[in-house]
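In what follows, structures are represented as structure tokens.
Each of the next two complexes has chain A plus one other chain: chain B in the first, chain C in the second.
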Partner chain A sequence: MDTRRGALAVPKVRRVGFFTSIEPPPESSQRPNRSQSGPVEATTSSSPLSNSPSGNLISPVLIPPSRHHSDNLTTRVAAAAPVPVPGPAAFRRYLAQDRSLLHVGSYNPPDSLLGTSTPSSNGEFSEDSASLFGFQRSDSTKLSASFPNGGFDLTLAVRAPQESETKIATASASEGKKKIAKVSGKSESVTTKPQKEKEQKALKDKTTKAERRAIQEAQRAAKAAAKGEGSRRADESGRANPGKATKKPQPKKERLPVTSSVSEKTAVAVEKEKRMDVPQTLMQYDDRSRVDKAKRRAVVEQTESKNKVELFLHLPQYERGNQLPNLSSNFFTLDSIHHAVYKVGLQHLAGDISGDNARCIAMLQAFQEAIEDYITPPMKDLTMDLTTKINGYVSFLIECRPLSMSMGNAIRFLKNQIRKLPVNLSESEAKISLCSDIGRFIDEKIILADKAIVQHAVTKIRDGEVLLTYGFSCVVEMILLYAHEIGKKFRVVIVDSRPNLEGQKLLRRLVTRGLDCTYTHINAISYIMREATRVFLGASSIFSNGTLYARVGTACIAMVANAFSVPVIVCCEAYKFHERVLLDSICSNELGDPDAVANIPSFRTNAKHSKTINNNKNLQFLNLMYDSTPSEYISMIVSDYGMIPPTSIPVIVREYRREHLLL
Partner chain B sequence: MPDVQSTVVEFVNKLRKRKIEGSQATAKCTVELLRSVISHQRVPHANQAAALIDAVKAVGEQLVAANPVELAVGNVVRRVLHIIREEDLSLTTAAMGGLDLLDASDDDDVDNCKGIGYPAMSAAVVAAAARSTLRPPSLQTLLEGTPESATVPYTSSSGADSESKTADKSSLTRKLKHDVIEGVNQLIHEIAGCHEQIAEQAIEHIHQNEVILTLGSSRTVLEFMCAAKEKKRSFRVFVAEGAPRYQGHLLAKELVARGLQTTVITDSAVFAMISRVNMVIIGAHAVMANGGVIGPVGVNMAALAAQKHAVPFVVLAGSHKLCPLYPHNPEVLLNELRSPSELLDFGEFSDCLDFGAGSGSIQVVNPTFDYVPPNLVSLFITDTGGHNPSYMYRLIADYYSADDLVM
Partner chain C sequence: MDFQVVILAGGFSSNLVPLVSKEVPKALLPVANRPVLSYVLDLLESNNLKDLIVVVEGEDAALKVGGWISSACVDRLHVEVAAVAENVGTAGALRAIAHHLTAKDILIVSGDIVSDIPPGAVAATHRRHDAAVTVMLCAQPVSGPSESGGSGGKDKTKKPACDDIIGLDSLKQFLLYIAKGAEIKKDTRVKKSILCAAGKIEIRSDLMDSHIYAFKRSVLQEVLDQKPAFRSLKEDVLPYLVRTQLRSEIFSDQNNVEENGNGNGKNNMQNNEVVLSQILSNASLPSFHQVYESGLDSRKTNKCCVYIADESKFFVRLNSIQAFMDVNRDVIGDANHLSGYSFSAHHNIVHPSAELGSKTTVGPHCMLGEGSQVGDKCSVKRSVIGRHCRIGSNVKIVNSVVMDHATIGDGCSIQGSVICSNAQLQERVTLRDCQVEAGYVVCAGSEQKGETFARK
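Up next is the complex of A and B:
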């Protein structure tokens, strides 16, 4: 099927978003085909640009086009596998991206590379690289200063935030090289001892002295950090790599019928991967048989709500209030669920963690812990068993609270990583590799992405503007705080809605930081919209038809803004993009606790009334959690890939998913 | 007389303190007050209509000033003025019938100085002049070329007086006042009964299995839906809760008590739900002459969403809500900001409010009303039937006389 597109083989770089500077497009990330005999030749021949000095290339956002060689079936498989040689080229590309990001704002990748916290063990690394690349430290500290207060409640997410943060940091440091390659488009690139040597040899040929030094510094720093974290890990990560680097059949092929030719095998594998790429249909809760089946597996006992809203029978509607005590009393009896996952599930259920990013990070960290404690049962395959384990965790989490789209994406990433584990890895190596993958995902796709978004979005704020925002979005909060810190003069209008009143949290945070705020409720939106000059909105997900899926009320805001000709800017990390399509807010949604709507502040009316008529069959309370905003209301989407129109979402989803860049 | 004055002051205070809520209640109180003003007004022999008009206007100005946002007050005052003028005219025309007969004896009657010279005017001219004062200038009057005289109301009333002198002066005087009070009573009856009139039309608009969205708490809407329910139509109602006053909860409670299938949604879910709604029905706070609607806060959002999904947006309004004024910047000028404490607990944010040491400021905006421009409204249902927004100015012209528009 792909041979049809063989004619498009010439690599072209397409860039998305709005960029001011003129720069030669850097080459697409070419991954030579592992199953081909001459990978290096393949690379160079197909992309003549790859060897050009790219030190001053600027590429904030580029979409590497899909490469279609004539025997393109194998490339997908190859994408998963590392190659021995192209390290330096990749690294140079990385450098190029550094510079480009620098020009966009005072963005400091090495600093941000290490996440929010740069503990002493990594200080050397960031310091080195910062001075080396000539970044302004002051700006970067400013950025990071604006960061920790905003954003995810890591303290909530993890009981011992310090510990977890250092874990992320060290993981990222020890993986410095990996990540460097990853940014440039590798889904998985590993450095091995022999590989490093090769690299250095190649470096001497191709790179300038400064660049070589940079690489050495980075390597030294990574080594130092790894040592600080524990020699065990460093060793293992070092040993883990050769397995990957050597050419091996795919692990999943063992489950497939053995065929003689390699290409056939890969064809089947690709076919399978294709099938997995098709998004699964969501569970429909009015489908009796499936619900019953799911119930038998369920960990959480849930009684179905007696007074269901008819329009939403396809969504789970359970009685609230008894799940949490049930679950917490079962804490010690349930051993099928890892305690960290259990804790996160409870937190989701109780609403202690809310906000998509925070929920996703909490979940991933719990998985990290669970994987660390995982021991493969005898006579079982790690890949298979761990996947089923993770599936169990996921269904538990779904029972606690339906997953958000972004969490679904993260889980898919994790499963992909498990699937792609080379078979010859020892258990501990595999575990470490997975944990570091998860840490990298959190770092790159969420924390770094947010920083990139802040840098992009802040260019859209001018002095004297009135920025309107709705509810609480941690990215928007970071943008506002950062813009305030760099001295922009503006006013913020916070629009809030019942029953969560998240806007009050944002109001408190902004006011204590010295911003001038106006607070109102969503009904007054058309009164307040005449004052606003820009609308900043957060997102839970953006679907590939450009529909924005976000906290309920967002659509109202966008619609009114559109009616008043106020530009609507949506801030969304790219890992939240989803290839599903959605037209309305009914088909796919989440229902919150109806009692939250029923209970109104007592000073207004007698509090009794909701109690007395609650059991009336005719009266229902509907607490929608999300709604979908049609794409025509959205002026611009700011993602970590730049500023794009909503029509570009399917492009990004398709291209980056194919390249395994998105996840 | 002093007791009337004291009730006026009392009512003005109530209006000022916003003790009376809802346009219907306000309208009812106003019209009852005006009735007592009229009944206590001492009417001079000459020019009684003018005296009544002056008295009502004086009270009306106080009332309007007390709560300029409550347009129903002004509407009712104008309606009462209109009634006075109309009763006066009908007396004039009734007398006019006798004018021709009594033409000869007219000259003898000279005790009324104002009456001198006018009886010479032909009945047709007087009638035309009177018509031109009561109706806004129409094409017919323009074509007839009748000169419009500012003194015509006085003329007609004095003309009536001059006629009445010949018959029974005192009985006619009493007759005008009596007629006016009769008219005002009718108005009271009309305001009280507008629900039924509107509800009667429900069956034409609500069909089986309909899904209706409403917001705010309006008795008219409640009666409208219940009327359809009584006619064995089964449909479901979505009620937006209407934070921060939560009037939607009150409405939902009443609807459920009457056996309607009701779902309360948050205000933010209006856009999400509107795609499954067949009709949006709201009660207006006031209807402006251009067809724009002032309604409970959040209405504009619902109207925009309804337009986006091509859902009919129906406004129910009793005739006392029809305001003869054209709005200018109504979102701000005809709005009212309520207490911030409904949105934010002061105690909760008191630590952020020290305005020193680099902390920002908090403004809380809590408007009461919302304006819906006429192009978003599909239909008005008043007690006289359904109308297009573009027709409202004409409907309004039937209820008010052009002289009273500016009070």
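Up next is the complex of A and C:
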């Protein structure tokens, strides 16, 4: 659900804003005042009900004024808090299980995807928010989505208090526990209005008839426990509320058939999945305590590099030299790691495998092997135990080399598959099903996707063109080879960069196949770009704001191409899309071996130079692996879903993510 | 990790002739009063390798070794001792126990090494490259006594010149050529195809084959089956594999099987697998094998990898008398972390039950075994003395190894010699660079240099 809500953000927020700003302006203009005065008298809380159909009734359940004071206090406090903590999964699930309509208005913050931490507990809050900020998928999406149309914030802001009031009204019919939750929910509502807005809409959409009935029942039960007649009215008012709530989103429902058709049960299930599906929060390596904690668990012995570049302290920086020997000498002592996974880890560490697709495939195949060899220990559940196993493998792989986004997606897929295994499946059946799932993922998401991309992209190659490509991307290579095969006449310019010089691999293979190639280094890009008529780029990941995350240097190519008005076509499989939003290449990146940068053959031989390089405290080497290209420099993205503009990434992520998860 | 470990403990090595005997096979030669095999077992155990196969040449020796193993480490390790016929060579020994080998990869360790190089490193390299064979190379040890060894005169027991000549690729990952130094004196041949494929070949003589190999079981068994004439792993099998690494017709079918194994269980198209393997191979840095392969599609290659041990690691093979002396000296000297003993403040080990006479000095880097008696005014320097030895007065022992139950009379002077167990030196014997066989009695007053005392 999160993703859906998150993904909704960009395209639909406009309509929503428009909607609400027209419909309820008189009400909303009144309400904020009242809610502000809320703390003064207890009855104010129920006063908004007067606007609802059953409005004239006085709220039968008295809410102690003190609570309201505190409510509003927290509101203010939270409003002051700079970091909104959104992400409603956990708590809303609880509510949904409660089958109460109350959650109509109750958007609550504690259900940040990371789950357990409540926003009020400040100790944890700081830590979580740090990790949340950059890395939560849906939340950040939402945030970003709300940035561009700031104009709506006003209307939304006006609307927000109204919602919180509705909540209070409904809350009065329920137990204190829920109220507390809502208190925090309300506080959140002020800070993150735009999100809340969306949140609520989605929730309203979901209140189907069945749900309403269920809630009614729950309320009836509450009534029995509560005092007589008054509670009946509360019930009525409670019923009135959903009526009001569902009325408004009704027109939206037609536009969102997917949303409305989801039954509550699957909603809960998906919620659960989402919650467990916490994205791997990247560790901030400048956070001492967490690094120490991680170190204690670490399998790979790592010595931190001495010469750290300050701007990139949050990224893992280790001395390269002794990682591999250390790890390999422990070959036999690491029993917990399956040997196939171990091998992949070694290959990642040694750089034997590079390229996102290959790394991902290698990892998945290793997992396949590991699952085949897996035996559930007695007295343990396959789902739980295998998940922890996989988690162990994943953290091992991360120690060897930070995972790419696509690998993260693949791992998420695998964990979902494990979680969704039917309980009654025998162990061997479960293993077979998982292995075939992984195989299917490789086939469908990578190989067939590549084929689809090739088919699409080839249509963009015309005779006589000069295609420029950067570095090495296996899908670009396939495109070029296929285009050559079907007889297109074109020339290829391969731009390469130190220290990896991956382009040479591509060059070698293209030349053996008889393609006409030009090879140059990135320094010459502005000269060579004159010749190019089209630029084909590979990708490591594409984020939902359209930012391309790829081998360092890509941004430079794209920008130069843009300056020369050469179309830039990015080829990227859809499994590499990521919900996150990336604005720069600093907060999320990977550091390569710094020595590789300094290792210039002619330099090394010169003793004088090497001396200045090696023993210079004022000189620090930085070998960034990736950079981010803003979406405006990308003309088109070729993915397995077709040729799309970068602005359509969030749509793909939203519309196909679910299918991706439930694959 | 799906590795099986085979220890080739040998039998009665002819190189070590006066030291080994019917009672003491090579594997049980004492190094700092512990059988040399125990060093290998400790090394493996510290790497969590507890299922071992020890192959011993000859039934008698196997009984001896088996007896020692069962007494020493039955509780910690699961060791199978297999006896093979004598003089079948290492390849023959493996052929004989081939039916025991089931794991995907086999780690073969010589039983006579004293080292602290983790064998896991070899295994990891092997796995990482998916190699057919991985060889551990280490720096050539400094032969002969160290400069502190003093009086020299080691000419007789000098190490035979069997330096390996090793050819590596430019990244020092693959083994392109291997030969024994002795053979190469006349002329040598390097495969043109290998040279072309690799582009560059680096010939080195400062490295030594350490006799720790990781083999892919299928490849090893294939070679052993197809080439019944091969006797030695190092001299026949390894060079053969290295020579044929680019055109290994015998492995082609088997490689295909493996490739198909990756993809089955799924109903995907064959086509997909091709793409898949292509993506994978394209992504990795093309080693020259792959470059070669891509040129000639039909041929399959098997990689011969090397792991070059760090220079700081200790490695000695006990394959000659000189090496035996060196090992004994190093284990209680420079590489004393291997011995497993705790050294006293004087850098020596004197067992509490040993008895020292008055004015007797035991210098640093010495070891005095349990229950040994040393008379008055003796001097022991850089020597290992076994258990229950009886040493008279006025004896000088320098740079020597005295095994258990030896008796040394008064006034003896022993330098750079090995006195085997139960040997007896009568009064005023002066030995320099000599070896005394077990149970041999050296007459009083004899003065010898560079002799080997053995019963004919």
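Quick note on the criterion: the second predicted complex is superposed on the first by the 368 of 663 C-alpha atoms of A that agree within 3 Å, B and C clash if a C-alpha of one lies under 4 Å from a C-alpha of the other, contacts with A are read in each partner's own complex, and residues count from 1 in each chain.
Simple rule for what comes next: contacts are C-beta pairs under 8 Å (C-beta built on N, C-alpha and C of every residue); 3 or more make two chains touch, one makes a residue touch a chain.
A quick note: this is a predicted structure, and the numbers were derived from the prediction, not measured.
Participant: A:563 in the overlay: touching chain B, chain C, both, or neither? Say first, second, both or neither.
Facilitator: So A:563 only meets chain B here.
Participant: Quick check for you: in the superposed arrangement, does A:600 touch first (chain B), second (chain C), both or neither?
Facilitator: In the superposed model, A:600 contacts chain B only, not chain C.
Participant: Considering only touches as defined above, state whether A:525 meets chain B (first), chain C (second), both or neither.
Facilitator: first
Participant: Tell me the contact category for A:359 with respect to chain B and chain C: first, second, both or neither.
Facilitator: It touches chain C, and chain B stays clear.
Participant: Based on the superposed arrangement, let me know which partner A:586 touches: chain B (first), chain C (second), both, or neither?
Facilitator: In the superposition, A:586 contacts chain B only.
Participant: Please determine whether it is chain B or chain C that touches the greater number of chain A residues.
Facilitator: B
Participant: Let me test your reading of the model: by the given contact rule, A:459 touches which partner, first (chain B), second (chain C), both or neither?
Facilitator: Neither partner.
Participant: By the touch definition at the top of the document, which applies to A:619: first (chain B), second (chain C), both, or neither?
Facilitator: first
Participant: Quick check for you: in the superposed arrangement, does A:512 touch first (chain B), second (chain C), both or neither?
Facilitator: both
Participant: If you lay the two complexes on top of each other, which residues of chain A touch chain B in one and chain C in the other?
Facilitator: Correct list for chain A: 508, 512.
Participant: Give the list of chain A residues in touch with chain B in this complex.
Facilitator: 309-311, 496-499, 504, 507-508, 510-528, 530, 552-553, 555-556, 559-560, 563, 584-586, 589, 597-598, 600-601, 604-605, 609-610, 613, 616, 618-624, 627-628
Participant: Going by the contact rule at the top, pick out the chain B residues touching chain A in the complex.
Facilitator: 236, 238, 241-246, 249-250, 252-253, 256, 259-273, 275-276, 297-298, 300-301, 304-305, 308, 331-332, 335, 343-344, 348-349, 352, 358-367, 370-371
Participant: Contact residues on chain A for chain C in the complex?
Facilitator: 325, 327-333, 335, 339, 342-343, 346-347, 350-355, 357-359, 361-362, 365, 432, 435-436, 439-440, 442-443, 446-448, 450-451, 474, 477, 505, 508-509, 512
Participant: How about chain C: which of its residues touch chain A in the complex?
Facilitator: 1-3, 47-49, 118-121, 123-125, 127-130, 262, 265-266, 268, 272, 275-276, 279-280, 282-286, 291, 294, 310
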